[in-house]
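Same chain, two partners: subunit A is paired with subunit B first, then with subunit C.
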Partner chain A sequence: MPNIISRRDLDFLLYEMLDAESLTQKPLYAEHSREVFDQIMETAEKLGENVFQPIAALTDREEPVFNNGRTILPEETKEALDAYVEAGFPAMSFPEDLGGLQLPYLISQGVGATMGAANGNVSGYMMLTGAAARLIIAHGSDEQIARFATPMIEGRWFGTMCLSEPQAGSSLADIRTKAERREDGTYKITGNKMWISGGEHDLSENIVHMVLAKVPGGPAGVKGISLYIVPKFIPDADGNPGERNDVVLAGLNHKMGNRATVNTVLNFGDKGGATGWLVGEEGMGLAAMFHMMNEARIAVGLGAASTAYTGYLHALAYAKDRKQGRALDDKNPENPMVPIIEHADVKRMLLQQKAYAEGAVALCLTGARMIDDEKTAEDEAEKAHLNLLLELLTPVMKSWPSEFGPRANDQAIQVHGGYGYTRDYPVERLYRDNRLNPIHEGTKGIQGLDLLGRKVVMKEGAAMKALDAEIRKTLDEASGLEAVAAHADTLKAYWEKLAATTMQMAGQAAKAGPKAYLANATIYLDAFGHVVVAWIWLRQAIVAARAMEAGTGEQNFYRGKLQACRYFFAYELPSVTPMLELLATLDTTCMEMDEAWF
Partner chain B sequence: MKVLVPVKRVIDYNVKVRVKPDQSDVDLANVKMSMNPFDEIAVEEAVRLKEAGTAEEVIAVTIGPEKAQDQLRQALAMGADRAILIETTETVEPLSVAKLLAKVCEEESPQLVVMGKQAIDDDCNQTGQMLAALMGWPQGTFASAVTKEGDKLHVTREIDGGLQTVALNLPAVVTTDLRLNEPRYASLPNIMKAKKKPLDKKSPSDYGVEITARLKTLKVTEPPKREAGIKVGSVADLVEKLKNEAGVL
Partner chain C sequence: MPNIISRRDLDFLLYEMLDAESLTQKPLYAEHSREVFDQIMETAEKLGENVFQPIAALTDREEPVFNNGRTILPEETKEALDAYVEAGFPAMSFPEDLGGLQLPYLISQGVGATMGAANGNVSGYMMLTGAAARLIIAHGSDEQIARFATPMIEGRWFGTMCLSEPQAGSSLADIRTKAERREDGTYKITGNKMWISGGEHDLSENIVHMVLAKVPGGPAGVKGISLYIVPKFIPDADGNPGERNDVVLAGLNHKMGNRATVNTVLNFGDKGGATGWLVGEEGMGLAAMFHMMNEARIAVGLGAASTAYTGYLHALAYAKDRKQGRALDDKNPENPMVPIIEHADVKRMLLQQKAYAEGAVALCLTGARMIDDEKTAEDEAEKAHLNLLLELLTPVMKSWPSEFGPRANDQAIQVHGGYGYTRDYPVERLYRDNRLNPIHEGTKGIQGLDLLGRKVVMKEGAAMKALDAEIRKTLDEASGLEAVAAHADTLKAYWEKLAATTMQMAGQAAKAGPKAYLANATIYLDAFGHVVVAWIWLRQAIVAARAMEAGTGEQNFYRGKLQACRYFFAYELPSVTPMLELLATLDTTCMEMDEAWF
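So, the complex of A and B:
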C-alpha cells in the first residue's frame, strides 16, 4: 500500500505474533477463516488506498464550515463514508444476531489501523458510531437496541459521545446538563455540551447522541450522572427519522488538526427541552461509559499509532529519494550526492519512527487480542486474568501511542527537512492530526492518575501480578534464542526495577499522602509504557528470530524487526532509569512549586 | 445466459518486480499476489450483466496454484456464483490456457466469456483471441462498453485512433480494457457469502489437455537503465540525429 501502512507488518502482527487464525477455533468466531480475514483486509486496503487517503489533504484544507445551524463538509467526506458503509464495515464486530458479522475485535482493529493510517479523521465518524452502538447494546433495553443501535450497526445513522462541557472536561463529575423525568418515562434534557465530535452533519440519516446528564436533586459527583440517548431526529412509529429534536448546533471548534471530524458545540433544550431516553439505571451513566472505555481507548491508541506509521512510511520513501551530502569519509566533491537514507543520523530518525510506530501498533493489537480472549475465555480464572491485564494496560495503550506517535510524526517532518514544514507534503498534517490524541478520551495526565492511582494498586496489585506472569512467559520463550537472549535479560532487569519502584512508592504513599504519591504519575506512565513496549518489542523479536532460524526467506523483513528491537533496547529503554530514580523518591519539586514563583 | 470469467493470479500491480539472482525468472517468493486488474474488470462486467438481468449465472475459472483460490474467492465475493480451479504449479502459456478454457466452454456452454485483454505479469494479450479461434466464436477485444441488443452483443472496442463498435453473435469472447468499468470492492457480507459458494477443483489432465511449455526461457534481466537525454542545438540537428542515430526517420 503506498505509504499508508505495511500490510506485511500487519500480517506479521495478526498472524505470526498474535495468531489470529487460532481465534477461528473458538465457537464465537468459528464462522470465519484466514481467507475471510485476508479478503476483509484486502477490501480495507483498497478503500484506504483509493478512497480515504486521496482525500486526506483536501478534508484537512477544507475545514468544516458553520452555516445557520448546519455543518458544511466537503462532499468527498460523505462519498468516502458511503463507500465504507456500502462495503459493510460498520457491522464488522457486532454479534450476528444483531445483524453484525461477528468478526474478532483483533481483525476489526487491523481494519481500524488501515483506515486510521489512510485518513483517521474521516474514519473517526465510524469509530464514534461503533462506540455509541456498543454502549446501547451493553446497557440499553432490547427496544433501544432495535430502535437506535441497529441503524448504527447498518451504518445508516451515526453516533456521538456527549460527555464534555465547557466547564467540565477532565472533571466529568462537574457536568451540569440536566435530565428531568417526564410523565411518559422520557427525560427532558437541557444543557450545553462542548467538543462533541460529529455532533452535527448531513453525513447520515440521523445522529444518535449518547449524553451524560444529571437528574436534579440526585447525588453530587459521579454518582449523580446518568446516560441518555438523545437522537437528532426522534424516530417515528416505523423507526424512521421523524420530528427534529431540540438539539441545536451552536458553533464549531476550529482545530489544529483532525479537521475532517467536525467538532461541535451543542445546545440541548434551547427551545424547551430535548427528548432523551434513559439507558440502564439513573446514576449509572459514568460507569456505563467507562465500561466501554477499554475498547474506545485502544482505538484512540491505535489511531495515534497508525498516524505515526503512515508518517514513517512517507519519511522512509522520501529518504530513499532525496539526495543530499556525501558519505563522511568521501572527500571527493565530484562524486554525486547520496540519498539521505545513507546517513547514520537519518537512519536514526527512521529507526526511531519504526520503533515507535510498529511498537505502538503491536501494543494495541495485543490489547485487541486480549479483548477477544477475554470474550471467549472458557474458564473464569482466565477471564479474570485477562480482565486485570486489560485494566492495567488500557491507560498505556491509550497514552503511549498518543505520546510517542506524535514524536514519530515530528521526526518524519525532520527527515523531510524544509519540505516537511510545508503543506506540499503530508507529514506536517499528520503531526497536527496526531497531536490531538494525548488530549481527548482522557488526557495524558488523567491516564497517569488512572494507572498509578487505581490500576497498579487495584486488588492488592493483582493486575501487576498478571502482567508479571505474561512478561515471564515471554522471558522463558526468549531464553533459548541467541538473537534475543540479551534483550530478555535487559527487560527482566527493567521490569523488576519498575516493580520495585512501584512498591517503594506505594510504601511511602500512606505517610506522604495521595498528592505526593501521584504528583509524578505522568512520568510513571511514560516509564511504565516504555517497559511495556520493550516487552512488546521482545515478543516481536522472538517471532522474527524464530522465522530467521527457520529460514523462511524474507530475511530483510525479520532483520528489520530485530534491528528495531535492538534500537528500542539501546536508545529508548535506558531513558526509564532516571525516571524510576526520580519516582522512587516521590520528588515534590513540581508539587511544591508555588504559583507565585512562576 | 451463462457467463464464464477466467481470472489469473498475478504479482500485485504495486509490487516492484525483481529478477532472481540466477536470472531464471522474476522473484515471486513472499511477494504480494492479486487478481489481474483486467480480470477484475471482467468479473465486474459479468456481475453487472447479471444484475441487469442479462445473465443468469457467472462462473469464475482460474488455472494456477492452489493459492489461486484466493482470487476465485474474490470473484465470488464480487458476485460470481461458482468457481472452478484447474490446479497446476506449472507455468501455463496462453495456448494451454486457451485450450483448457475451450474444454471448460464445451462442458459449461456459456453464451459469453468475458476476460482480461492481458495479464499484467507477462502482458501476452493472446488468450482471449486464441480461445475465440479454438471455439470458432466471434471476439470483441479491448472492450470499453458492452451491451446486449436483441440477440447480439454490441462491443465498443478501443482501437488506434478511436472507438469501433462491433455486433457479435453469441456465444462470443470479449476481452476487457481499462475503461470498461470500475470494479467494486468485495463487501464484507459478500465475502462471508462467498465462503459458501461452490468451488470445484480440477486438474489439466481431467480435461485431457497437455500443458507443457513450448517456450524456453533463456534468461530474465532487468530492463536497461534509461540514459540521460541530450540537448540538440537546432531543428536540423534533431532531424539529423533522428535519421542517422535513432534511425526512425
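So, the complex of A and C:
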C-alpha cells in the first residue's frame, strides 16, 4: 500500500477524469503517448519512494545552517535533487526547441503531486526553478532565454522569486529595491529581499534570482515596478558561471516547518551594486511576475494538497494497524480489541482527509489540464474561455488546498492519538510543513481580495459565466446517472445560491463602498472554494459511477470515490449556507470593530 | 499592554460576570476578601511576566534529554517552579486543615489561566500535582493524605497520572499493569506506562505516581481496575523520601510542542516490583481516577484557552505595529502605509481569536465557579443541579477550547504573515503547544462519546434540563437589555433546536442502535459546544451592556465585549445549523464506509 500518494488515484485523475491521453491528439503533444506518461509517472513514483521520501525526516531535522554567507544543507538534499535532474525532470514541460521534453503541464503536475507528497521541501527548489525559467521564456529576450533559462531547463542552475522585502510582504507597491540603468544596458540593483526560498545554497552551479525593483524617479506604486534577472554568478562568454555578483546572504529564516527549502534574507548591492538584466519593459515588472506567481500559486495549492494526501495515507495505514477498544455494541471486555478504522469517528476523520486531499489534488490537476487546453486551443473563443476559468480558479486552487490541506494533516495527527504528536511519526512534520501554504505566494486574505475584488467582477462577470458553463456541463453529465443525480441537484442549488449571493453583494457594493463589499472576502473565498470542490467531487463521482455501471473489476476503488463524494456533500458543503447568508448582508461586524475596543 | 493574558478581562470574568466576591459570603471562604483575591492574581501576573513567560522560548528549544534513566531539563524550569512554590501557590485551593490556603477554585483557575498563558508547559507540573493531591484527599486514607498529599500541597513533591499504556490509550479497560497484594498490605506493581507527563525529573524531592493497575484474577475490563500510589522514593519513617522505588524511566516521547512538560515511558517493577499503596477499594480505580481526570479535563480546556489568549494578544500587538498596504479605497501609492489592524480581514482574524480565547476562558472559569458553588451549596437539590451541570459541561470545557484554541493560534500566525511562521515570534510555538490538547486527557472523539452517549441521556436527560434552566435564567436577564435582546432570541432558537435534535436522535437510537446514534458524536460535541459558548458570550454581553448603561468609564472595553459577542453570533453560531441538520438524520455515511473502499 502506497504511503506517498495513491498511484491508482493519480491514474484515475489523469486518465479517467481528465483524459490526459486526449492531449496526445493535439499537435503540441503529438509525439507523446500514454506509455510515455506512464513511464514518467513511474519514474516519479520511484524517485519519491526511494530518494525523496526516505530523507524527509532528516531534511526537517537538519535545518539549513548559516555559515559565513553560505547555507549548509544536509548532503542528502543535493543527492535527491541530483537524482531529479538526472531523470531529466526539470525539462519536463518545456518546449522541445529549448531542450525540453514538451510534456503536458498536466503530467508535470502529476509528477509535482508525487514529489510534493514525497518531500515537497526538497522538490520545492525545482518548482521555483521551473517557474523562473518559464517567466524568462514568456517575457525575456532570446538571448536571456539562452543564457539563463536553458541552464535551468537542464537543471544545472536553480531559480528564485525575489519579491518581498522586510517592509513589503503583501504590499508589493511599497518595495524599495532600486534598479539604476548603467551605460552598458544592465542595471545596478541595490536593496534587501526577504523570504527568498532557495536564495543561497550550493545545490546548483548558479542561482538565477528574478527580482522586482524600481527605477528611481519612476511612478509610485506598482506602476514603477520592473523585473530583473540577477544571477548569483554572472555568466562568462561561454555561458558558464563567472564572476560573483553582488548578492549576499544576510541571514536565514528559521521556520516551523518546510525546513529543507532554505528561506533567506538577501542583500543586493552591499559592495556597490548587483548587476541585473531587465526583463521586458520598465514598469511592467509586476504584470510579468504575475505569470510566475500564478504558476507558483497553483504549485502551492498542489503542494498543500499532496502534503495532505500523504498524511492521509499515513493515518489510514495507522488506523488499519492500531488496535484499540471495541465496537460500541460489544460490551464484553474479553473480546479482542479491534483496529481503530472500525470506529465510526475514525472513519469520519479518514473520510474527511480523503475528501480534502483527493479533492484538492483533483482541483489542481483540473487546473493543469485547463492550462494545457488553453495552450493548445485552436479556437480563440475557447482560449479566452479557458483563460477566464484559470483567472477565476487560481485563487481557489491556491487557497482551498492551503486551508483544508492543513486541516487534513490535523486530522491525521488526531487519528494517531498521542503517537501523532511525536516525531516518531511523520504526521506532525507534515502538519508543520503545510502551515506555510496559507501564507506564501499571496496570503489567504490576498487570495480572497483577488477572487471577489477582481476575478468575479472582471469583464462584467465573464469568468463567472465561464465557470457556470462548465458546471452546467457537469450537471448534464450527471443527469442520467442514478448514483449521482441527487448530488447534481444539490450542487446546482449551491452554485445558483453562490451566484445569486455574488450578484446581491455586487448590487450593494456601489452604495456600501469597496471596503464593505470586500470586508468578508476571505469567507467568500471559503464558500466559493467549497462549491468548486463539490463540483470537482461530482466530476469524480460521475466517472466512478460510470465505471461501476460498466462493471470494471475495481468496485472498491470507485465505491470509495462515491462515498467520499457523499461525505463531501453531506458533511462539508452545507457549511456554505451560513457563509452565504452572512455574505449577502455585507455584514460589517468586523469592519466596524474599532481598534480601541480590542 | 499585556501580552500574556488581559488582567482587565480576568477581573471582568472573575468579578463582574462570576461575582467571585460573593464566594466570601460562604463559610468555606469567609476568611477571604476581594483584596486577597486581587493580591493572588497580582502575584500570579508578576510570576507569569517575570519568570514563566520569559523562559517559554528556551524551555521549548531545550527539549528534555534522556540521560541514563534521568531527565535533564533546563535549570530555568526548576527555577520557575521553585518561584511558584515559594509563592505558596501549590497550596492555593486546598483546605486549611491540610495546610492549604482554602481559596476558591475559581481564583485558583484565574491563576491557572495566567500561568497557562505565560508558560503552560512549565506550570503543567503543578496542575498535575494539585490534581494528584486532590485525588488522594478524595479517595485515600488519612495516613495516605498525610504521607503523600501534604508534601504535594507544600509543593515539595510533584504528582503524575499513570493511566495509558503502549497498547491502551483511550481504551483503559485493556491496561495490563499488574498489582499483586503483599502480606504487608502493599502491592507489587509491574507493567509499563506510556505518555506520563512529569514521569521523571529532578524538579521535586519526590514524585507521586497515581497508577491504574489490575489485580490478577480480577474482573475483566474497567471493573478490574484499581488505583495505587506509587512514589518514586518510598517515604521513610519521618516522611522523607527514602529508598528508591522500582519505577524506571524507559524513555522520553519527543513531541511537536508542549516540550517543557517532560513526557515519559515508565517501567514499573523491572527489578522485581514497585511498591504501591491501594487507594480506596480494589476495582474502584477508574471511578476514583475520574475525579482526577475530570479536573484534568477542565485544566486542559483552560490551558488551551490560555494558550489561545496569549497568541491573540501577540497578534493584536503585531497588528497594531506592523504597517502594510493602504485602505481599499485609497488608490494613492504615495500615501503612507497603515497598520494592518485597519484592514477588515485582519480585524476579522483578531475578532475570531478574541471570540475563541475570551469565550473559552470564560467557559472554563464558569465551570470553576460551578465547582465552588457545588462545594459550598447548602441545599442538596442545588448541589445535585450543579453536579449535573458539571457532568454535562466537562466534555465541552475540555474539548471546545482544545478545538477552537488551536484555531485561534492558527489565526495568530496568519496575522503575522511569514514572520509568524518563524521561531523569532512566539505564535508558532503556541500553535505547536496547543495541538496537544485535543489528544490528551481523553481525545476529542472520547469527549463526544461521553457527551452524547452518557451525559445528555443520564438520569433521563436531567443534565440537559439543568442546563436548560441556566440558559433560561440568562435569557430572562437579557430580556430588558436592548443591546443583547436580539442575541437572546437567537440563542433561544439555537438551544431549542439543539434540544429538539437531541430528542430526535435519541428517538431513533432504539431502532438504529448505539453505533448509528453515536456515529457523529464528535460533530454533536462541536455543535453543542458552540451553543454553550454562545450562551457564555451572551452572559458576558449582558454584563457589558449593563456596565455601559451604567456609564462606567471603560466604554471601549465593554464595546469590545459586545462586538465580540456580535461576531460570535453572526460568524460562528450559524455553523451549528447544518451540523444539527446532519445529526438529526443519524447520517450513516461515515459508519457505512467500508475499510476496503479507502
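What we mean here is this: the second predicted complex is superposed on the first by the 596 of 598 C-alpha atoms of A that agree within 3 Å, B and C clash if a C-alpha of one lies under 4 Å from a C-alpha of the other, contacts with A are read in each partner's own complex, and residues count from 1 in each chain.
Quick note on the criterion: a contact is a pair of C-beta atoms (placed from the backbone, for glycine too) under 8 Å apart; a residue touches a chain by one contact, two chains touch by 3 or more.
Remember, predicted model here, so these are calculated numbers, not experimental data.
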*Taking the superposition as given, does A:A83 touch the first partner, subunit B, the second, subunit C, both, or neither?*
first
*Would you sort A:E595 into first (subunit B), second (subunit C), both or neither based on which partner it touches?*
second
*What is the contact status of A:E31 with respect to subunit B (first) and subunit C (second): first, second, both, or neither?*
first
*Look at A:E554 in the shared chain and tell me whether it touches subunit B only, subunit C only, both, or neither; answer first, second, both or neither.*
first
_If we overlay the two complexes on their shared chain A, which of subunit B and subunit C does A:I439 touch? Say first, second, both or neither._
second
*So which one touches more of the residues on subunit A, subunit B or subunit C?*
C
*Between subunit B (first) and subunit C (second), which, if any, makes contact with A:Q508: first, second, both or neither?*
neither
*Which subunit A residues come up in both lists, the one for subunit B and the one for subunit C?*
557
*What does subunit B use to touch subunit A in their complex?*
14, 29-30, 32, 69-70, 73-74, 77, 185-192, 194-195
*In the complex, subunit C residues that touch subunit A*: 164, 167-171, 173-174, 194-195, 220-222, 253-257, 316, 320, 323-329, 332-334, 337, 341-348, 350-351, 354, 406, 410, 413-414, 417-418, 420-424, 428, 431-432, 435-436, 438-440, 443-445, 448-449, 453, 513-515, 518-523, 556-557, 559-560, 563, 566-567, 570-571, 574-575, 577-578, 581-582, 587, 589-598
*Which residues of subunit A touch subunit B in their complex?*
1-2, 7-8, 31, 33, 35-36, 38-40, 42-43, 46-47, 83, 86-89, 91-92, 101, 103, 553-554, 557
